[in-house]
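Listed after this line are the structures, all set down as structure tokens.
Same chain, two partners: chain A is paired with chain B first, then with chain C.
Presenting the complex of A and B:
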């Protein structure tokens, strides 16, 4: 009975991890199209990724877009987190539901709404429009993680600082900010990953001049099959694992507590 | 004066975020709602009017009604499979401790940190006529001809269940962890065996997790765009691909907007129903 249960779970885990294993494995195969199990060993697809101008261009666009929107989201989200966690305001739970709602919204619906609105005010197919849309989509992650940190710390520490004569600026930068910094950083890292991987909203708003890396992959795999896509994917998987796992564990423990 | 400043402070902190949501979400959604009642004519574009034909067209035209039912059926199938596959995994996760739990957790988190496009690309490599699954089955002489796993609903289900499974497992894990372990002990002391304990304790007490996991997965399947597009191409039409097509290729935004609001309505109905179900259980 116990052995059978383990076997079942082993098969389910295999199924869950299969596509990731396949993508990583095919990035190192020598054949001209991704085939699993891979034959031979080569790094040429990684070299090809780096030496193709349009792919490097996409990488640059994605990096700039994610960094800009993550910066904005971190500032905006930290403000909300402090307000919600530290101040008793009326309608708090309604406000926090509203601020977190972009996570729950179907991306395709949000994308169409933004496309219709941006077309009217000339923001469609612009970098500014993409930054605005990404900031909307990723700010909830910062709010959620920073809020958890802000709720954890003892408000009497701030009071003590102010009683000792510290100005509010000094109190904020010397007491409040250092204490909630882990939550803010976790939120920022997570927001960055979400922005970098975002496809649906970007696809509707980007236009031909702003092909982000996910759009490039999406268009590419529809019409051709090339291990270069496996190589790009492998780079992303490794990068996100390296910066994401500690943060993600935190995110989940927050969500589930 | 200082009192007043203190009371206003949270609103200053919230201001930018409220403006962000108002201008970029509520505003555009209101505009989209208005446009869903407009008309569209090829050549002259969107015509400013009030009519409900976009909604009736999607709900009553045989082709689109097929899309609606197909999407709902896909959502139901994906949700059921996620529940069946997710439960054993979540059970093992909730019962394991220490290093084993960390390892299992890692295996479930890793897919969540990998973008849907990348995971779907992995499935495209596995599911093709010359893909790993078909070649293995052929080599084992289990089949003579390759199974058709791409460009149909079967492939979409296989990939979409994998994409959404982590959400189900995590929702179930939370619920299972909340069950007081002494209940199991008491049941065992009273002579109950495995199946009975599962049916009388584990299953009913994990129901809140089952409901929230199902809502999460169903919503995800209903609005999934990347996986159906890449696995099935133009062969399988779901609501999200219709919205995309209207938005980008046909430019009939009023109709796309109507489909978007029908999708939102389905999700809303589902959420309200699940909340009532959970509430009723709590009060019963």
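Presenting the complex of A and C:
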């Protein structure tokens, strides 16, 4: 019984990790298209990624877009989460549902709606428009995760801080924020990944000058099949691990101890 | 003028009046308990003084300053919370420093203050611990040290002992009282526990549904309750309903059951009312003694050092009697025929 259980676990784990292993392995292969197991060893696909101006440019655009959207989403999401986690707000469940609605709609519906709206007000094909759209899509993730932390927060701690002579600013930055930070950070990391990864909405709203990395990759694979895409994926996987693991171990494991 | 003065304080939530026309003067150094059943408005009153609840009406004066319009962080009032509300991400030392830093106290005097309050509550070896690493009693002491470090004008306690076990509760009562006396700080202590109020407070303010029922020392309230609620809330009492009548020039209280009690009442006290007799003021005598009320013991309950007996009188009233256990005296049994007697001076007449 125990052996069978382990086997099933092993298969699931393999199914989850195998594609990632394949992608990383093929990024170093010398053949002109991804094959597994890879033949030879080369870094030329990484060099190709870095030396192709469109790809490098799109990485810059994506990074700026995701950072800006994530910052906005984190501020808006944290505020909303705190307000919603406290009692006594009229229409609390309605506001909560509304805030989460962007993830309930199919992305393509949302994308079309935003396209129509943004064309009217001149935001289509602008960086500002993209930031607005991304913020809309990723804020629910921050709200959800920050709310979990905020709901656990004991409001009498804020009263205690004020009673000890702390202004509301000091109370917020020294007591409230540090204690709900794990949820906010988890939300922010999640939001950043969602934004960096976003394709459908971006594809419809981005002009020719604002090709994000997912759009470039999407276009690239339609015309070429060399392992440059594997190289890009490998870079992203390493980057996510470098950001994600410290945040999750530092801030999220603390809550379980 | 009084050190702390609450004037006409009222709080209304929608249609519910939680606190009504609360008037109280507290002298410097006094320890006053706000006592009452849950929902009587005692915590709301405390939260109004701390500044977390805005009064609907009335004023709060501390040391000749009207603090009513001040936000919580501008009132120099220390509050010890029921759940202690220690900051979980800070050590004991950082918890105590928080208030001092909020008041921009410099490093050297701050360290001195922290050191002295830690010593005061006996937690010097625990300064670098986190709250979750401390016992309930130690957390309680940190909460106390944290507010004492600020030398508050007024100490407020919101049922601070209700989360401790019985033994520790008694110990903390004495400790809180000792610290309060030593520092000479004025304190207001909210509790629903009459024993806590009676053992700790100089004066008790008994609240009933948002209003003050009676103010006085434990002795005054116990011996001279003004209403049936007060007599029943502080200690226990036997209540007899009836009225005071004049029988052959003597004042006698005649109960509905026909029981007649010699009453101790002012000459003006005539008419319908209630007589209260404390269970420990009633004596057992033989059933056929003159002036004794005959009855039978229906239930005998162990209270430790005392016994409590429920006695059904021949006339129908049920009377609770408490008797101190004595050496070489056998306990009474259920079913025993007894006579009850008490002094007129030990009866309390409560006008309806």
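FYI, the second predicted complex is superposed on the first by the 221 of 257 C-alpha atoms of A that agree within 3 Å, B and C clash if a C-alpha of one lies under 4 Å from a C-alpha of the other, contacts with A are read in each partner's own complex, and residues count from 1 in each chain.
Rule of thumb we're sticking to: a residue touches a chain if its C-beta (ideal position, glycine included) is under 8 Å from a C-beta of that chain, and two chains touch if they have at least 3 such contacts.
Everything numeric in this text was worked out from a predicted model, so none of it was measured.
J.: So, A:193: does it touch chain B (first), chain C (second), both, or neither?
T.: In the superposed model, A:193 contacts chain B only, not chain C.
J.: Quick check for you: in the superposed arrangement, does A:164 touch first (chain B), second (chain C), both or neither?
T.: Touch status of A:164: second partner only.
J.: Quick check on the superposed pair: does A:185 touch chain B, chain C, both, or neither? Answer first, second, both or neither.
T.: neither
J.: Under the stated touch criterion, which partner chain does A:156 make contact with: chain B (first), chain C (second), both, or neither?
T.: second
J.: After superposition on the shared chain, which partner residues are touched by A:103: those of chain B (first), chain C (second), both, or neither?
T.: Touch partners of A:103: none, neither chain B nor chain C.
J.: A:63 in the overlay: touching chain B, chain C, both, or neither? Say first, second, both or neither.
T.: neither
J.: Mind working out whether A:112 is in touch with chain B, chain C, both or neither, as first, second, both or neither?
T.: first
J.: Identify the partner contact of A:174: answer first if only chain B is touched, second if only chain C is, both if each is, neither if none is.
T.: In the superposition, A:174 touches chain C alone.
J.: Of chain B and chain C, which one contacts the greater number of residues in chain A?
T.: B
J.: Share the list of chain A residues that count as touching for chain B in one structure and for chain C in the other.
T.: Correct list for chain A: none, the interfaces share no residue.
J.: Mind listing the chain A positions that touch chain C in their complex?
T.: Residues in contact with chain C: 154, 156-157, 159-167, 170, 174-175, 178-179.
J.: Tell me, which parts of chain C touch chain A in their complex?
T.: Within the complex, chain C touches chain A at residues 50-52, 71-73, 76-79, 81, 83, 85-89, 98-99, 102-103, 146-147, 150.
J.: With touch defined as at the start, can you tell me which chain B residues reach chain A in the complex?
T.: 9-18, 20-21, 24-25, 27-29, 31-32, 35, 85, 88-89, 92, 104-126, 130-132, 159, 162, 165-166, 170, 173-174, 194, 219, 222-223, 225-226, 229-230, 233, 240, 243-244, 247-248, 253, 256-257, 260, 263-264, 267
J.: Which residues of chain A touch chain B once you look at their complex with the stated criterion?
T.: Within the complex, chain A contacts chain B at residues 1, 5, 8-9, 12-13, 15-23, 26, 34-37, 75-77, 79-80, 82-84, 86-87, 89, 95, 98-99, 101-102, 104-117, 120, 132-133, 135-136, 139, 143, 193, 197, 199-200, 203-204, 214, 217-218, 221-222, 225, 229-230, 233, 236-237, 240-241, 244-245, 248-249, 252, 256.
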